[in-house]
Amino acid sequence: MSNSYGKLFRITTFGESHGLSVGVVVDGCPAGLEITAEEIQRELERRRPGQSNITTQRKEEDEIIILSGLYENKTTGTPIAMMVNNKNQAGKDYSHLEHAFRPSHADYTYTTKYGLRDHRGGGRSSARETLARVAAGAIANKYLKQQNIQIASYVSAVGPIKLKEGYEALDLNLIDSNKIRCPEPTTAEAMIKLVEETRKNRDTVGGVITCVIKGVPVGLGEPAFDKLHAELGKAMLSINAVKGFEYGSGFEGTKMFGSEHNDEFYTDENGKIRTRTNHSGGIQGGISNGEDIYFKVAFKPVATILQPQTSINDAGETITLEGKGRHDPCVLPRAVPIVDAMAALVLIDFLMRQKAIQ
Amino acid sequence: MSNSYGKLFRITTFGESHGLSVGVVVDGCPAGLEITAEEIQRELERRRPGQSNITTQRKEEDEIIILSGLYENKTTGTPIAMMVNNKNQAGKDYSHLEHAFRPSHADYTYTTKYGLRDHRGGGRSSARETLARVAAGAIANKYLKQQNIQIASYVSAVGPIKLKEGYEALDLNLIDSNKIRCPEPTTAEAMIKLVEETRKNRDTVGGVITCVIKGVPVGLGEPAFDKLHAELGKAMLSINAVKGFEYGSGFEGTKMFGSEHNDEFYTDENGKIRTRTNHSGGIQGGISNGEDIYFKVAFKPVATILQPQTSINDAGETITLEGKGRHDPCVLPRAVPIVDAMAALVLIDFLMRQKAIQ
Amino acid sequence: MSNSYGKLFRITTFGESHGLSVGVVVDGCPAGLEITAEEIQRELERRRPGQSNITTQRKEEDEIIILSGLYENKTTGTPIAMMVNNKNQAGKDYSHLEHAFRPSHADYTYTTKYGLRDHRGGGRSSARETLARVAAGAIANKYLKQQNIQIASYVSAVGPIKLKEGYEALDLNLIDSNKIRCPEPTTAEAMIKLVEETRKNRDTVGGVITCVIKGVPVGLGEPAFDKLHAELGKAMLSINAVKGFEYGSGFEGTKMFGSEHNDEFYTDENGKIRTRTNHSGGIQGGISNGEDIYFKVAFKPVATILQPQTSINDAGETITLEGKGRHDPCVLPRAVPIVDAMAALVLIDFLMRQKAIQ
Amino acid sequence: MSNSYGKLFRITTFGESHGLSVGVVVDGCPAGLEITAEEIQRELERRRPGQSNITTQRKEEDEIIILSGLYENKTTGTPIAMMVNNKNQAGKDYSHLEHAFRPSHADYTYTTKYGLRDHRGGGRSSARETLARVAAGAIANKYLKQQNIQIASYVSAVGPIKLKEGYEALDLNLIDSNKIRCPEPTTAEAMIKLVEETRKNRDTVGGVITCVIKGVPVGLGEPAFDKLHAELGKAMLSINAVKGFEYGSGFEGTKMFGSEHNDEFYTDENGKIRTRTNHSGGIQGGISNGEDIYFKVAFKPVATILQPQTSINDAGETITLEGKGRHDPCVLPRAVPIVDAMAALVLIDFLMRQKAIQ
């Protein structure tokens, strides 16, 4: 198990989906940052189940409790522990899953790795763990905003429906204006329709989240190994259901010639060094170059579907499973704040690492 | 700077392209592993410049020198330091690059981050650093082979030319049978032709490397943050020129429904638990499930092109640059052993971490 | 701030003395270890305030709450979060300390380092943080006992009163038989008398704890830097009020000649390799040699005394302070379980690191 | 093996006493620091064998070779690799030691831990490893001096001969004025005489080094675990032959009452906050308070003595050993620059960590 992330701004998450609580300890946050429980709660609301008819209808309040590290709404430099109590851990019956290995879930790998597992609702492999990241990310994001660094993630594809526009053509203020979190209304509508149909079909669907980061100063990133995009990639790939990461020109860029792909430098009217194109995605040699950073994150369809599936149990016997209860037909809208949070955690860490060498 | 990689099997690389030498210290390698300098040299040969007419024609011998950690061709458990001396560091004149910021290179970001840089041929940002990884990876790979873990990487796309077959349909023994390192002869030929044309056009072209890992036991990977694929992603994204990473169904998988994407479990005739499909890419919940692991790595076209380009110098003035000397028109064939090496480094580390908790 | 300890068995502590709670996340504990809340509580009781008339008379129940990581009294391999709620955080008035820098406390250094601090009762610098270590250490210790590794710490000096016997001459089962935790009854009595007098004088007194570890296999420790005794030293020195650490012959050994100090090897009647003397303290070259490990930890007198003291406030003005409330006249008896815990945390980590390379 | 030290200014050492070379990679050094090979060599000279008649008479030139990371005598922010070639690794015959376990050496523990070892002259456990630390420490020290932080170590005891004066009463400029490195001439003479006698007796003797650090700003140190003194302790205890560490009042402080031990704060004539006494050793709550930092390091007598000793071989059979060649009768004078180096490495790391959170 490795439940910590970050070198200087370091989070450690804990908690199973059906244990007492899920939480996080943030170690290394600079002292004196003003932040309230409400600000953290606001980000949790964006991740919360039951926020619309295209997410799971489970009702969880997910109220943040701050255990330490804040004094009179200021960080004190000491570890910030926060948690959310699980409301209904006792209620439900999970005995039908005790011995089952659900397809494309982590039941089989956890059981084999650890010799046992808490089978209730995914245990530690549940995406409920990500609420701890969102809480920590809210603190990081508050710090970044004070440095004029702006992170904005949005849903750019659901199944085959794909936003045609690049991020420059979009109004990123519209991200939260619809329940799928796609800032282009027409595409958003089509996406929502697809998710609703998918839900009716008792199925699930995947998609892509695009993240844009503006205002990053030149110089963040620590090659050779902790290149800025390498760390962003790891952070994104550590989110449940993520299958791929690309930044700047990404996989499309592999089809280009160098003469097309190279980003020409110039000095703008304010004397600032810029590039005319941004195939580099704001990162060159693993270090931010001051242009917008942008990347894409691929999410597979949720593994729990409300259809009968053939699988096996831990005795190796064939069984038939059928998902019960309330599940997300599409994880994308609720994953947007998670991508925001992980991006913030990566950036604050590199900001602090950069300060250390100056 | 962060020039170390790995938690238990930990490498630290050093060296600029035009300093005295480039090397690596491997710390944490289990004692008693038999390995010779020749075995390490063999992998370096696959990365060496000048190996064919579609790579750079620079002649570098890249002879490995083992400074410590081996005694009578066995690892002793102490740090293994290895290096390659740079042959022609004194020879060439790099003064025309002293103040230039080459497009899509790291000149501008390094200079801004560190306040100065060794401008000779890329300095630390040169891909020459990766030979240190290949040397370390050769040791890791020797260990893995003794555990029956087999890593095979190959070029699956060059520019728009793409292998149609998945890895299961290919004979991976043919990877080194041609100079582009694509195991399907007809596609390989087309790729080689494209690289040759690109070189004649004084241009460069990108592509994709696919990596397949067979024989990985169930249980490797350390969620929540050090998921096996997250660490593979970081390792790959830390290689020069990489723009994207996807595993299993990857970005294509986002277009699928859950009912299509889920991998059904079954028990095979030997009583082994398997999945009928492998959209999961051998990893579920961040932990290996015993199926083949496979992933793709996107490489952008090399930034150095032998054409005049407009750029600026460190005074912000417009200049015209033209690449000189011998450069790779396509980095892909020489990047294959680097992908092999980084995959080996990730796997040996997780193998050791898994042993620790048993 | 660095609130984590350990490489593979890693703890992260959180909480201020007067915040909501103090707790710990244990990451990396092997799965399948049986442990109950009662076993952890038992160790907390040894550290608890108010346990006798020679410790502080504060009443704190310190009841452990296990938030995650255990399922049906077995560790699951997931992070184990535990906490103790602070009972009386709202009650008392600490306003007289808001601006004061108490002598030999951390008020001044925390305020200067972080720009602000939670002034209530020591905040994060309070020894209350160590209860988190004791809870985590109880888990580590359970694991070690199953490997036949036995840790026993005891008070070997209080002020000038010093145990004459070495640990070999003592019955370590008697440690908890008296309230000072010295296993030799006559010396214990003298120590207790001194502490009682010290308390009457409204003063405090320091002392030494000796720790003995039996049953450690040959081979634990990771030179060159993570030598077994170096890590033990760091762990002990990280405990509040500790001023020194020595192992084996320690500072006395510096007065010896090599011919006296060297430990002669021999093979015992069971064919086991042993040393005739043990000036090495069970560690040679930073690695355990199978002999008993023993070391001493120096504790200064508690800084809070119930006498008027001259100091300054955060405006630099001279003030007079007088400790109020209930404080420990001697921290030694309550520090014994903390030394036990830290020793256990060091050992389990090295055991796991050793497994990783085998 | 754990051959790296430091979190942000991180060194990795490599090399056996009789391999090709011993060296170090320094990762994380801020760019732009001016330093020459000569400055590094100067510190190595203080550690060099054969520097006087009271050290080993082995002749080793120990000439530093800088492989990377410096450009025109300035650090570039990239890893600084340095090494010293071993001159006589081929020459001598070590076959008599191939199977022997020398008393109080690491032969037995290394062989058991790793299953094999390079038996020539101590291999990796040789104190020759420390030259790598001295080279790295020279760079750290250059940086610290520019921040007005001054580190001075000296021999304060050899066997039973002990400096009576505290560091405040000494002229620390005299440290290098005699071959034992004790700044008080009369005591130095007595120490030298004792070492010379010890050498004649074919024996060895231990001692104590005191280190004083002036000019440290308030605020360095990262509690709860990386307290400044805890990290200093670990660093010192990682040096070969070290058996103990104490700072400030140390073990003597355990005998004091709180009313004696507490350091009273006052504001001096310049408005600076000071303490009247300094039992705290310049560190309170694990954080520097601006007073002088001072600590003591205990060194055992060197294990190699030129007398016959009974021991066993790796078959468990009794053998007689007699040290051959040239060895140090007292390691103390050559250990002074090692203590300086490790202190510098600890401080630069905390300076950088402090910058990161500001």
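First chain written, first letter: the chains are A, B, C and D, and each begins at residue 1.
Here is the rule we go by: contacts are C-beta pairs under 8 Å (C-beta built on N, C-alpha and C of every residue); 3 or more make two chains touch, one makes a residue touch a chain.
Chain identities (UniProt): A, B, C, D = Chorismate synthase.
For clarity, every value in this text was computed on a predicted model and none was experimentally measured.
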Where chain A (Chorismate synthase) and chain D (Chorismate synthase) overlap in contact partners, by chain label: B, C
Relative to chain A (Chorismate synthase), chain with the most remote C-alpha centre: D
Separation of chain B (Chorismate synthase) from chain C (Chorismate synthase), taking each centre as the mean of its C-alpha atoms, in whole Å: 46
Euclidean distance of C-alpha centroids - chain A (Chorismate synthase) vs chain B (Chorismate synthase), Å: 27
Distance between chain centroids, defined by C-alpha means - chain A (Chorismate synthase), chain C (Chorismate synthase) (Å): 39
Multi-partner residues of chain A (Chorismate synthase) (at least 2 other chains): 1-4, 13, 28, 31, 77, 110, 113, 124, 357
List of chain C (Chorismate synthase) residues in touch with chain B (Chorismate synthase) within their complex: 7-8, 28, 30-31, 77, 352-353, 355-358
Touching residues on chain C (Chorismate synthase), where the partner in the complex is chain A (Chorismate synthase): 1-4, 10, 12-16, 19-23, 25, 27-28, 31-32, 65-69, 71, 74, 76-81, 83, 110, 113-118, 123-124
Touching residues (chain side chain B (Chorismate synthase), partner chain A (Chorismate synthase)) in the complex: 1-5, 13, 101, 103-106, 108-110, 112-113, 124-125, 129, 157, 159-160, 198, 201, 203-208, 218-219, 221-227, 229-231, 233-235, 237-238, 243-251, 253-267, 271, 273, 275, 279-281, 284-289, 296, 298-305, 307, 309-312, 316-318, 354, 357
